[in-house]
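The structure under discussion appears below in the form of structure tokens.
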Amino acid sequence: MKTFARTLLFASGVILLAHYLPAGYWLLSAKMRRPPIVYYSCTEKQFMFFRYTNQTAIRMDAHGKVYEREEFERILPIDHWMQLLRDGKLPDTVGGVALTAEALRRERLSFRIKPTMIDTPSVNLTPLLDADTGRVRLEMPEDFMRLGATIEFIHAQTNVVEREKSALFQRAFAEAGFVFPATVLGGNPSTMKPYDEGYYVADATGATFHLRQLRGKPDIHRVSSLASAEDKPKWEALKPIYFHVQEQDTREVHAIIVDKSNQAWFAVGKNYRLVPIPLQHYDPARMSLVVRGDLINRLISATGEDSVEAVVLNRDYGLVDRYTEPLVPRAATPAGKLARAIFPFTLRFEDVSTGYLGVFTEVGSRIALLVNGGLLVLMLVWLGSRKQLRLSRLPDLLAVAIGGIYGVALVFLLPKAD
Amino acid sequence: MFKALVYKEWIKLRLYWTLIVVAHLLFCVYLCLQLRHAFKLHDALAVWSNWVSKGYLFFKPAKNIPLLLGVVLGCLQFFPEILNKKLRLVLHLPLVEDRAVGVHLLAGLFLFTLALLPGLAVLAVCGASYFPWEFLLNFWYIYLPWFLGGYAAYLLTVFTLVEPTWRLRVTCLLLSAALLKLFYIDSFYDGWRRLLPGMVLLTVALVLLPLLSSNRFSKGYGS
Amino acid sequence: MFKSLLYKEWIKLRLYWLLLFVVNVAFCGFLCLRLRHVFRVNEAVAVWSNWIFKGYLFYRICEYVPLLLGVVLGCLQFFPETLSKRLRLVLHLPLGESRAASIHLVAGLLMLAAVYLPGLALIAGISAFYFPPDFQSNLLLTYTPWLLGGFAAYLLTAFTVLEPTWRLRVVYLLFSAALLRLFFMEDFYNSYLRVMLSLAICTSLLFVFPLLSTHRFGKGYGS
């Protein structure tokens, strides 16, 4: 029993040190590392960047030329239209499109999708707003919708299921051909928005449905039957894992959909046109997706730890330009290389890819293996010189072999075998 | 006699006290490293505005430490005394009973203060190097109630432990919990500036409570 | 022998246990009253939204209570044994040394469970009035790491207190702090969903550590 206890003590010690020592190392040596912000100039037809280096920020273009702030703002008229308007420098038209303050304000699109939005703890209850109450402002309903194996509405104040409303919606779902249980649900449960798009739901077969509440009555349709003839097969083939709904003034983009094959799509327009976002290296679990749209273009950038990719689409969602740039990941910086050499493996319990806790391991470089081997040899020699090379010391040696410096620290801290 | 009693308490507590000082110091150093990390990773302006408008304080995790320390020190100092009824021995010394217990309390309070000061100095120096002088003022005003709460916790712990009957011990615990809550009202920051004189008076008044308990102990109640 | 050892521990601790039980239940009851107040003063939809989308949990204040109760019970149960070296008496009984220590630990764990579970049941029962059934699984998944942390804290306290040498006690204190922090890393709800099983296994494995300390105590290290 005591060998078991001692082995367990060493094992847990190695695990704890593998978590805390690297964390302490990065607490001491982390530096500010922000990825560049990508812009696209509709006048010059090239990408521009806002880069952070050593506590300062530099404005550059793709060739490395540095710009002063006023020149930068002149080249990006739509991103800085308010400042240019105030200075009287806003051009009247760009590419044949008139730049009026009202049009610029109305046509702004802005979305941000982070990995933690896709995989995060959630409760299966959400408020279904009434999109057509006849009032100017949106109001929160008095009940919450539970959409899982069935659809139910629960009145919040009394905590009771509303039988009639639930049955009404259940019938409507059945008529629309919805196969329970629902798998993916996405919407915007807030009243701070210009209108209510409702929710997008994927049923058990993966088909997408659009759900709204109009004057208390359900409004649910299979999207593929609402789409045009050329988009219908695309909707039927779509296997969504995440719906992102963020109502904007333009009312053009219904939702951004991320599917199983890591492809992101826009659902736009009256006919639910499904437009693929032509990013080549988008990994929804590790990269954040930012969409900035204006009167002329849509700029979509995917930023991860080791790369930035941006695509520009015109108002008709045709590809205009593309930019890719590899970034230096933390593991490739000098501090990161040192860390990978001395820590044979590190354990983290939180990760950028998810809101859940888990066990995330990173293995060190081959140098760490050599370091481990060297430490093991030293430990054998040291124990041998003290005539303590016994079988009961096996946990110590294993800890040094697997854990390197973690094991060495533990051999000196923990009780010796008797 | 006074010196001998203080020395006796020091010998009893020195190991624990050293541990506590080192642990507190290391914790404060850790908080400073976190602040340094925050300044390296973000704009200095962002961190300052977090402090000014959102009330973010890098030393907030240290809030409950004086309280815990007061309770722990009180327990460590007086638990052995009451377990073996050793307090009786002290009360038989040729010293006025109140004075003997008072000396014990003084020793405890003195050790408590000494234990917290190194860590506090580290926090103050670190804060002063990253923030303007308004921050240091802020720091003292915010930490003072917690510090006084620590003293109060120590005195109330002794009060509860030395009380001989169980029934009244429960009352003491409830009273202590209620009183201590007053020191930890969660306000933005500086919110209790006007209450500070009252808090100081309350803490000083609390010295009387352990003396009351030891009085009852020596009278032989509950044993 | 098994029953009489359990009974001995119960007699030693029953008063303290009663206090801890009452404190836990009273505290949980107070939280339920506050919940009732929140629902009377705010709209139910707003409270539900705050819970679902912002992760605001009315029982979050309970987060460290199981931990504290576990540490307190561990100290109350094992400090007297080590102070007067009474553990030697137990180890001289005609029982396997591990078995004697295990029975002590089982007694403590049972008492802890009897303190934690009524409070949790009270919270679960009252919240069923105000929240839909989804809340119960939420509550269970969020509260379980804290409960496991409480049991772990008890076992690690026993581990540290029973260890005879001071050097290792300090090491074990650091070890315990490092390990216990892993139980309290979430600030939303349900974050531990995927690691709950590993956490539970880890907590149950901690049972062997106090046995190691007892073994070293019996061998006469450090005294």
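Miscellaneous remarks
By written order: A, B and C. Residues from 1 in each chain.
Criterion: a contact is a pair of C-beta atoms (placed from the backbone, for glycine too) under 8 Å apart; a residue touches a chain by one contact, two chains touch by 3 or more.
Keep in mind that this is a model prediction, so the values were computed, not measured.
Steps from subunit B to subunit C, minimised over paths through touching chains, total 1. Seen from the C-alpha centroid of subunit C, the farthest chain centroid is that of A.
If you tally contacting C-beta pairs for each pair of chains, A-C comes out on top. The centroid of the Cα atoms in subunit B and the matching centroid in subunit C are 25 Å apart.
The mean-CA centres of subunit A and subunit C are about 36 angstrom from one another, to the nearest whole unit. Between the Cα centres of subunit A and subunit B there is a gap of 45 Å.
Looking at the complex, you find that subunit A touches subunit C at residues 1-2, 4-6, 8-9, 12-13, 16, 19-20, 120-127, 140-144, 146, 154, 156-157, 159, 189, 349-350, 355-359, 413-415, 418.
For subunit A in complex with subunit B, the residues that touch the partner chain are 27-28, 30-32, 55.
Contact residues of subunit B toward subunit A in the complex are 33-34, 37, 40-43. Note for the complex: subunit C touches subunit B at residues 15, 19, 79-80, 83, 166, 170. The touching residues of subunit C, counted against subunit A in their complex, run 43-49, 51-53, 98, 129-132, 134-135, 138, 168, 171, 175, 178-179, 182, 185-186, 188-195, 198, 202, 205, 208-209, 211-212, 215-216, 219, 221.
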